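Scrolling down, you'll hit the structures one after another.
Across the two complexes that follow, chain A remains constant while its partner is chain B and subsequently chain C.
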Partner chain A sequence: MTDTTYHLPPQISFSQKLKNSLFATPFDFFLTLICAALFALLLYWFIDWAFISSIWRAEDEPLCKEASGACWSVIDARHRIIFFGLFPFEEHWRSTVACVVMIATIVASCVPWFWTAIRLSALWLIGFSIFYILMHGGVFGLSVITPERWGGLALTIFIFAAVSIIGMPLSIVLALGRRSKLPVIAKLFGLFIDFFRSLPLLTILFTAAVITPFVLPGWLQGDKLYRVIFGFALFFAAYQAENIRAGLQAIPLGQDEAGLTLGLKYWHRVSRIQLPQAFRNSLPSIVNQFVITFKETSIVTIVGFFEILASGSAAFGTGKWTVHYIEVYVFIGAIYFIFVFSLSRYGAYLERKLRVGHV
Partner chain B sequence: MSNFKNRIIPTVIASCFAALTLASTSASAENGDTLKAVTDRGSLLCSGHNGSFPPFVQVTDDNKWSGYDIDYCRALAVAVLGSDDNLKVVPISWAQRFPSLQSGDVDVIIKATGWTMGRDTELGIQFSVPYFVGATNVMMPKELGSTAPETLEGGSLCANAGTSTERLAANFFKSRGIEIEMITFEKSEETREAYFAGRCDSLVGWGPNLAVTRQSAENPDDHAMMDVALALEPESAAMRQGDDNWVDIVNWMFAATWIAEANGITSANVDEHKANPADSTVEKLLGVTPGIGERLGLSDDWAYNVIKQIGNSAEIFDRNIGAGSVYKLDRGLNALWSDGGVIVPMILD
Partner chain C sequence: MGSILGSQKFREIFFQALVLSVVAALLVAMVMNTRASLEAQSLTTGFGFLERSTGWDFSFSVLPYSISDSYSKTILIGFLNTLLLGFLGISLATVIGIVIGLIRTSKNALFSLLGTVYVEIFRNVPLILQAIFWYAIVSHLPRPKAALSLGDTVFLSGRGLYFPVLNIALWSVALMILLFVAWLLFLPWLRERMNHSSSYHVTKRVGWLLLPVIMVVIAYLARTPDTPLINNPALKGLNFKGGMRMPPELSALVIAIALYGGAYIGEVVRAGLMSVPRGQLEAGFVNGLKPRHIFTRIRLPLAIRAVLPSLTNQYVQLMKATTIGIVVGFSDLFMIISTSINQSGQTLELLAILMGGFLLINLSIAFVMNTINKKIALKGYELKS
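Showing the complex of A and B:
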């Protein structure tokens, strides 16, 4: 064996690794044991509370007082409020289908096959129209249900989807505008972005919901829901634009110049050279912004919307259910977790696929 | 750059002023004829809540609004439109109440809103006669032995942070020289949980809320109310300033339910009373002799419709707060004066 040979790292079995990292010294052994015991205890408590000693059916509510575990009866009795808010009971099939369609649209737009401008816009146009027609009604013999009765998970998904589809194209325009070579345009877009980034989301929502009716003429006001979505989308776009701009600025100038020498037009350079790489570069922060936006939808409750958290408080906010608010919050937490966890797992999948970080 | 500043700042200020003027004109345009706006629109916009506020505003298992305040919204819709089919309950938060009224998002606020001078004079709104009184009170375990305020000397009090009840309680005990430690929480669930977990010796809250909390205890009988109330708050409906007829309509909508109760008229027997009115008040109330509608710009049978479809004040209380509800609270001060309460129906002449 000479000095110049490189050794492969010794092959260590899994159990050996475990031993090295957890049970190397008696003190480590002791610490590992304590932590494992604590973890097991917590897990046992949770499983016992949530599954073993819990009451499941709405009819069994009287048993809840004696039971030591969770009283899921509240979810059984009131889950429709959590999902659909004040949407008329008889029409729940509409909101159910609408939600499934919208989630399917979101999932489909994550599939690489849809990633062309035409396919993506067609998909969203169809998905969004179906959702809107089912929720709002007024055609095909469906009764009209105005947005003040929308609520719950359906409203949360609607706000998230609408903010994303208005905000995403807008953020690309803003990011490109801020990098414009014309100083007037660059300054104006910069001012716009910085203006919306300097305002708290709550202020924007309150202004959109409450103040704009005083200022705008009646025909321009639209429904409160759309004003709020529009304000939210501006806020989202301002932040997302900066993420995209970061991705754009990471591209070496030479690439654009090479495109220029080949005689490519501005839009070709943007859509074929700059944007694909910009998205790849800033993917983690773009996904991050989506995750934040999904969670921030709960702020609309302040301006009087029945999104999922408000519906949750309505679900336990009555006579016999007031004591079971923990179950409702755990349930809503699980719904948020499913959405946000899938979003971030999808982000991780994309990073692997596009091999970000290995460029 | 300074040139830029010199130009941009006056422009900004000028446009702000323009916006404000616009704002005030469109606001005053809203102050017109609410009754006409409601009948033209064909629907009444009443205040709901972003969540629930039992027993005033809550949601039933089949996704419908219910509650004491919602029933009065329904009564107003029946009075103005003839039925409550076209009542639209707009969910609004506490903070958003008054701006929503001003911007026309709602026609009336019936949402456990206390009548205060600041709101009355500074916010451009007008209050109806109080339709509910709620006492702010302190709940404590019976095992303390006494329900006098002095019992709590050196003890602790759980309160919701930043609420008027917290301030009321602090002032109350300070003025009596009783040392008490305030422990405050953001959410009312936390406050309640802290009290039941024994983190504090007592819990301050507002009328029906506190009573509902007491009922959610494992043994409601283990807890008692302090024998002195901290304050009594009159709750009124709120309307935009400058629409006197609309204020009259809301006032007389409340009065109709009280007069009906005082005369023993319920949703079940209103037709018999209409067929055989006992006196001239009943005749006028039920539209047997004309007048009650015309003077408000409504139809003469509006009060009959309200009683027939929604019921009198006793029925509304019973259904939402009293024996007919899960809360089973005593009517107490909210009974008519003749039953020992503070509600005094106006005179129908």
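Showing the complex of A and C:
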């Protein structure tokens, strides 16, 4: 028998680690110095531009010409356009509360306690309904505001949420369909998925906005916004279905066979054995698809919707504000960054956590 | 009878036939509905309109054009513009991606943090926002009169980037590119044929020397008569005359796609470099290879093989992303098609051309990359960590 004592790697002190990673060789020393200088310079330059030499209040706008930093006056003066678009001024609180509710829903669905089909669907149905009622009105004494007047951050979040809520169940159907044992079903679903994956999102949104009126009878067309959301959801579902399919394929065959031996019906095997494991297997890539989708909501601005990117462009579109485009773009970029970065960090956290669980 | 209805096989076939007929019925209904609505709006179908002249102008073209050109030529120009944008954007993105990938795999923590910061910034902001940001920056550059110049030959202004070109006919440029590609394809064939002998190396060297000479001769023969060989841009009145102009729309999109794609490709390259098993590198070290050689002879070749499939994926994604060019008014395939739809009303035909165009581009990228992938795949056994 061989000796099976395991040797732990030697303990390395923090300062030793630091030395190894920063000052291992003279060249490394040099490189570290240059990088540190570069970081210091960039950070100093950014902080100076954004915080120290910048102008903050709307009424201080005349000072902007002299100031070397950012002119945040444009944000102070126009932030309501950026966040709410053409939503009626007195009703902005509704848009705000609706966004907070939807963001809370998104955050809550990151908590593992909600990860059962019933809890997750209940959470999203409730969150989405509250969002829709607040935005659309017509009940509880709220005045009706039709989707044409929605805009800004609320519209971005609405499109994201609606695409997710339609696309997610659809993607499960597509993934299961593509893996069907029946050749005709598998081919049909495969064709459908590959078709949507081979086209740019913009062409699909454009088709949904412009072509669908030709193809569908009048009673099925609906509002342009809903057509675009539905097209977007099909696109999303095609990509998400492939992620789920990858997760399904990673499940050992024995799992399904065990269910079969126990006499479980197809739907029970799918809902109790296959899908839970598939989601667990491909959770990081599923989250990643949500990240991409949030960024891609910005594309609807091309087919004529007033989401946060378009409302941002409108914010500096008039009068004295036209010169302050950089501030507005940086501001909108920061909003996107907060959403996308936190979602993608969450995805990376999940990936680490699941990997540890596996080994 | 009961046994047939009850049999699994029969039910499966019946179910599939049912689904197939429902799908077919839906398609037929859609076609009929389309027909009806086209007739109601008295629109004609068919591709006859492609021969009509367009009568409208657009922002940029690689070929000479006029507003009396036919739809087919205008669409071809849009297609070429998309290819040009994709080629420039993807090439630059690959260069940036390799650099970022190398920086991120550096052992120096601060240096690799530099790459991380880059990736997080450019990957987490929508491409379309980056494109309009760069467009705003590029189009707010100084007027032509106050243009930034580089040795009075290259000028950068709000109207675009001007740089000198050779006064030669377009066909000769195409011929030169063709010649170069043919030579590159000819080399591997020659190597097989000559069996790696020393005469192959001689032929290769002679070829590389001869190629520029032939190109110079072609350029000389194809030059526009009575003009200087080099066409320099120069300030005439309020704008530049001569030279070649890269419009701000194209520059902004190339910058945006390069930076955004660079962040994604950087991650792909990093994953590839990390996927090389450490034992391989240690084996190189034990055999006395220099770090430089361990990188170029062991790590890089293995990493390239590992990343090609995901790189293909990124290229296809970036190619599809070029459609956002319309936000800054770049006349790519999508913009040309959408203007054509507005002007001619031939919605369905034009959309079919658009989808066909993208299918063609994406399948070509996938084909080329898969061919390379097969060519360089390690033979014999699969390398696994």
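One rule holds for everything that comes next: the second predicted complex is superposed on the first by the 341 of 359 C-alpha atoms of A that agree within 3 Å, B and C clash if a C-alpha of one lies under 4 Å from a C-alpha of the other, contacts with A are read in each partner's own complex, and residues count from 1 in each chain.
By our rule, a residue touches a chain if its C-beta (ideal position, glycine included) is under 8 Å from a C-beta of that chain, and two chains touch if they have at least 3 such contacts.
Treat the numbers as computed from the prediction; the structure is a model and nothing was measured.
Overlay on chain A: chain B and chain C clash in the combined arrangement. By the document's definition of touching, neither partner reaches A:Ser285: not chain B, not chain C. In the superposed pair of complexes, A:Thr146 makes contact with chain B only, with no contact to chain C.
Once the two complexes are laid over each other on the shared chain, residue contacts for A:Ser109 go to neither chain B nor chain C. In the superposition on chain A, A:Thr322 makes contact with chain B only, while chain C stays out of contact range.
Within the superposed three-chain model, A:Phe84 lies in touch with chain B and out of touch with chain C [touch as defined at top].
When both complexes are overlaid on chain A, the residue A:Phe214 reaches chain B and chain C alike.
Contact with both chain B and chain C is seen for A:Thr301 once the two complexes are overlaid on the shared chain. Within the superposed three-chain model, A:Ala314 lies in touch with chain B and out of touch with chain C [touch as defined at top]. After superposition on chain A, the chain B segment that clashes with chain C is 152-160; the remaining candidates among 152-160, 242-250 or 278-286 show no clashing C-alpha atoms. In the superposition on the C-alpha atoms of chain A, the part of chain A touched by chain B in one complex and by chain C in the other spans residues 206, 210-211, 213-215, 217, 301-302, 313, 325. Looking at the complex, you find that chain C touches chain A at residues 12, 15-16, 19-20, 23, 30, 33-34, 37-38, 107-111, 113-114, 120-121, 123-130, 132-133, 136-137, 140, 320-321, 323-324, 326-327, 334, 338, 341, 347-348, 351, 354-355, 358-359, 362.
For chain A in complex with chain C, the residues that touch the partner chain are 21-22, 24, 28, 31-32, 35-36, 38-39, 182-185, 188, 198-203, 206-207, 210-211, 213-217, 295-296, 298-299, 301-302, 309, 313, 325-326, 329, 332-333, 336-337, 340-341, 344. Those residues of chain B lying in contact with chain A across their complex are 19, 22-23, 26-27, 48-55, 58-65, 88-93, 95-96, 99-100, 102-105, 189, 212-213, 216, 218, 325-327. Those residues of chain A lying in contact with chain B across their complex are 65, 77-78, 80-81, 84-89, 92, 146, 148, 151, 206, 209-211, 213-215, 217, 224, 301-306, 310-311, 313-315, 317-320, 322-323, 325.
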